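Structures follow.
Next, two complexes with chain A in common: one pairs it with chain B, the other with chain C.
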Partner chain A sequence: MRYFAYPAIVYLIIFFYLPFFIVVLYSFGFPNFDLKYYFDVMKPIYFKVLLDSVILASITTVLCFLIAYPVAYYIALRAKRWKNFLLVLIILPFWISLLLRTYAIMSILSPLGLMFTFAAVVIGMVYDYLPFMVLPIYASLEKIKRAQIEASFTLGASPWRTFIKITFPQSMPGVVAGVILVFIPALGEFVVPSMLGGTYTTIGTITWDLFLRYHDWWRGSAISIIYMTIIFAALAVYMKKAGRIEI
Partner chain B sequence: MVEFAVELEGVSKRYGNFDAVRNVNLSIRKGEFFSLLGPSGSGKTTILRLIAGLIFPDEGRIKLTGKDCTFVPPYKRNIGMVFQDLALFPHLNVFENVAYGLRIRKLPESEIRKRVYECLEIVNLDPETFAKRRINQLSGGQQQRVAIARALAIEPAVLLLDEPLGSLDLKLRQHMMAELKRIQKNVKTTFVYVTHDQTEALVMSDRLAVINRGRVEQVGSPIEVYERPRTRFVAEFIGEMNFIEADVCEDRLISDIGEIRAKVEGFKKVVLGIRPEKVKIGSKAENVFRGKIEEMLYLGGLVKLNVNVNGVRIKCLTSYNGFKEGEEVEIGWNSEEAIILEA
Partner chain C sequence: MIRIFVLMVFLFLYAPIAFVIASSFLDNGSFTLKWFEKVFEDYKVIRAFSNSLILAIASTFFSVILGTAAAYAYIRTKMSFESLFYTPVVIPEIAEALSLLLFYNLLSFPLGFYSVLLGHIAFNVAFVFVIVKARLAGYERSIEEASLTLGANEIQTFLRVTLPMAMPGIIAASLIAFTLSWDNFIKTVFTTGPGFQTLPMLIWSQAVRGVVSPSLNALATLMLLISITLAYLYIRVSTKRE
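Our next item is the complex of A and B:
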């Protein structure tokens, strides 16, 4: 049976591990060996960009959570026979490419005079990543048996307390998954910020510029490795904390 | 004066065109073990949910310990409920499950602990061993006990049980039946128990109501309901029964199997019901008929006979006495053992 895993492994090696290895090589000055590219990108501006990206990704994640939770709750626990229809509506945007959807957003935002603002970037990001928050939260809420909520009522808990003590804790795995699914891609996103934000710089746009505008593969690789290490470390801490949530 | 824990007055509940509960009147006494017995879809669970306040009636009134609670939400009624699939909280351990209702009531920690331990002991779970266990580490029977302890912890005026034994295997079910009865005697709380299993209802109940198509067919003690069923449905649903259709003719009944002596007033046509175990083999009875043993099922000690009397098949349950299939026998019963039902 393990042979079934081979195509995936081969695919990952060719399209992920190998390119990643090449990026590592370039960051050390391929075809030579030199650490200067790392020193070159150790500038405050690059960390400012990282901070800006974290802020943007955090705002996106929080807004996605605030909007997605009630939607997921409604679909999972209240929608009954409309459930599948509403789920399709959530998934529907995936059928259109991100690029086209971002163009569509542009045509809505520009008459409102919102183009090339921070708000435009946030609106676009939330719109693009919302389903990634809705679906895992929906999946975890959907598993909660209606009888558990009724049991809580009979034990004297009001609907609000029942939500706080029974429903929400059991949806935490979905929330954790949703946060990861939104935060990480949002952090590296460059299409939305560059199209809707104009000169708004994120770690996505800055690496894009280094690689494809300035053809500086060495510095581009070095900054990618640094960003990746920082994000990976932060994520490891978060996952460890989230993993401790009892479920 | 008898005090009632639960009173339903003319309660009805409709779902669309479907009358789930129709004009139900019930008075459940304080401290009794009361069962709602009926086939699936008869409305017994709906009645229980109405008492719990999980749904509200379209018509009628519901009183709990004398107070009108018809439209009071469940979290403001003092009721406990054990759900069919138990509905334990999987993210909380055994202690926290049982403590849940007490924490909502904001009792001091020491009192919560005391009460949780008490309740675990009532349901025969050793608190030291089980308090910290997770729900998925428990067997089916243990989960059952936790669900009962959780509902009892809040000292409810009424404990509602919705087919709690349905998911257990036969042996465990028999054991839990005895346990439930013991617990009920111990805590003296009013139990309202929903089941489609006549054995459960007969064994545990002080009184029971037989529910059919949203209506109460009969209320009484297990003995009354079994020995003196008031409708054909009750007679058929609980235990086995031979039914013989007959015309009333003065002090006798004329039926396919012959003349039957019985006292009937006010009807022209009746159905006579006789339990298989009341049918006697041999001629020592008021009504005696000749028949042929068509089929015999030896149950070990007892034997089940199908006796053909004039084309009517009469089931008999008796102790084995050398019967053979094809043998001619005399069967009979005394008239007071027969039940006369409206045709």
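Our next item is the complex of A and C:
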């Protein structure tokens, strides 16, 4: 039975893991060995891009959270007969490519004269990533036992106190999952800043330029290794947090 | 209060899509199909459309076979290779795309249809594995054993017992794999060469200049309808099972 899995494993090793190893090699100056590319990408011009990406991803994540939470709360606990319909409306964007969704928001921003501004990039990012935040929060709110909320009311707690003490803490795994699901791809986002932002640069746009325009494999690799390090750090925090919440 | 807020959010999510669809049927305020005619007359669009379709079908075919076999092996043996399949799901596309470009570059592998296809199969194998594995979670070996005890051979058991049990998962995974490949832009751009263009690349090349045109709206509408159809099929398949 085991050998059924071998073709897929071998395939992934050749076309997924081996290429990553090559990126690591290039970031250290392949075919030579040199650390200068890491120092290069820490220089102000590149570092500013890194910082801008973190700022954009953070703003996107916070806005998505603030907008998504009430929506998820409403679908999970208030929607009643509209629930399935609203859920479909949240899931549907997952099936539409990010490129098309960005084009759709562009078609609204363009006549409004909002194109090529930071605001346009932020609106586009929130537009594209909102469903990624709603769904996990919804899933965790959905699991909360109604009886607990009712018990809290019966024992005299106000709706606000019930929310803070009962509902919100139990939705934390969903919030953390949503933050990860939005923050990681937002950090490397390429389509939104280049379509809506004009000259706005992020890790995504700089990677694109270094690889496809300048064929600078070495600095491109160094940047992407830094990016992936941030991702794995974020995932490690998530795993730890998720594990702790489960206990 | 919360109702109005939620309503506004859904308006925000769907107004742009509705706007694109509506304006692809309008010419100075009156109904027209001429933008769609323009799209279908464009040789580049037809070419990109067939490229996208062949790519999506081929990558779905190979990834479903590889991924389903691996998921079945995992369910039967509980081998500890599971995490190998999760990395491709969480890694951002651009990181995966550039690593593949370096790989091809190092091997002097010619860039075009095959380089793109091999890359699409890689992420799709991982998604197929995760989906089929989840759908096989309730799998019971005893049903297969009953079939074998009752005199069916291994092949008959596989075709008439195992495969039908796995079918809902396989169909769901195929729809997702097809969509991921059909919609893919970043990985395609990084691993393609001159002469192989897909529909998302075509849309990109026009939209990147910030220009919204009626014929681009029509093309986007066609792609939206295909995505929505695939989503509908998926919902049908996954709710039928319960």
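The definition used in the following text is that the second predicted complex is superposed on the first by the 214 of 247 C-alpha atoms of A that agree within 3 Å, B and C clash if a C-alpha of one lies under 4 Å from a C-alpha of the other, contacts with A are read in each partner's own complex, and residues count from 1 in each chain.
The working rule: contacts are C-beta pairs under 8 Å (C-beta built on N, C-alpha and C of every residue); 3 or more make two chains touch, one makes a residue touch a chain.
Not measured: the values here are computed from a predicted model.
**Q** Chain A superposed: clash or fit between chain B and chain C?
**A** With chain A aligned, chain B clears chain C, so fit.
**Q** Would you sort A:235 into first (chain B), second (chain C), both or neither based on which partner it touches?
**A** second
**Q** Tell me which partner touches more residues of chain A in the superposed arrangement, chain B or chain C.
**A** Chain A has more residues touched by C than by the other partner.
**Q** Once the structures are superposed on A, label A:169 by its partner contacts, choosing first (chain B), second (chain C), both or neither.
**A** In the superposed model, A:169 contacts chain B only, not chain C.
**Q** According to the stated criteria, A:150 is in contact with first (chain B), second (chain C), both, or neither; which is it?
**A** A:150 contacts chain B only, not chain C.
**Q** Output check: A:67 vs chain B and chain C. Expected answer is one of first, second, both, neither. What do you get?
**A** Only chain C; A:67 stays clear of chain B.
**Q** I want to verify one number. Taking the Cα centroids, what angle sits at chain A between chain B and chain C, in steps of 10 degrees?
**A** Between the chain B and chain C centres, as viewed from chain A, the angle is 90 degrees.
**Q** In the overlay, answer first, second, both or neither for which of chain B and chain C A:158 touches.
**A** First partner only.
**Q** Taking the superposition as given, tell me the minimum C-alpha spacing from chain B to chain C, whole angstrom.
**A** Here the least C-alpha separation of chain B and chain C stands at 20 Å.
**Q** Quick check on my understanding: which residues of chain A belong to both its chain B contact set and its chain C contact set?
**A** Common to the two interfaces on chain A: nothing.
**Q** Which residues of chain C touch chain A in their complex?
**A** 2-3, 5-6, 9-10, 12-17, 19-20, 23, 66-67, 69-70, 72-74, 76-77, 79, 81, 84-85, 87-88, 90-96, 98-103, 105-106, 118-119, 121-123, 125-126, 129, 179, 183-186, 189-190, 200, 203-204, 207-208, 210, 212, 216-217, 220, 223-224, 227-228, 230-231, 234-235
**Q** List the residues on chain B that touch chain A in their complex, please.
**A** The touching residues are 52-54, 73-81, 83-91, 100-101, 104-105, 150-151, 154, 160.
**Q** Mind listing the chain A positions that touch chain B in their complex?
**A** Residue positions touching the partner: 145, 147-148, 150-159, 161, 165-166, 169-170, 246-247.
**Q** Looking at the complex, which residues from chain A come into contact with chain C?
**A** For this pair, the touching residues of chain A are 1-5, 7-9, 11-12, 15-20, 22-23, 26, 67, 70-71, 73-75, 78, 86, 88-89, 91-108, 110-111, 115-116, 127, 130-131, 184-185, 187-188, 190-191, 194-196, 198, 204, 207-208, 211-212, 217, 220-221, 224, 227-228, 231, 235.
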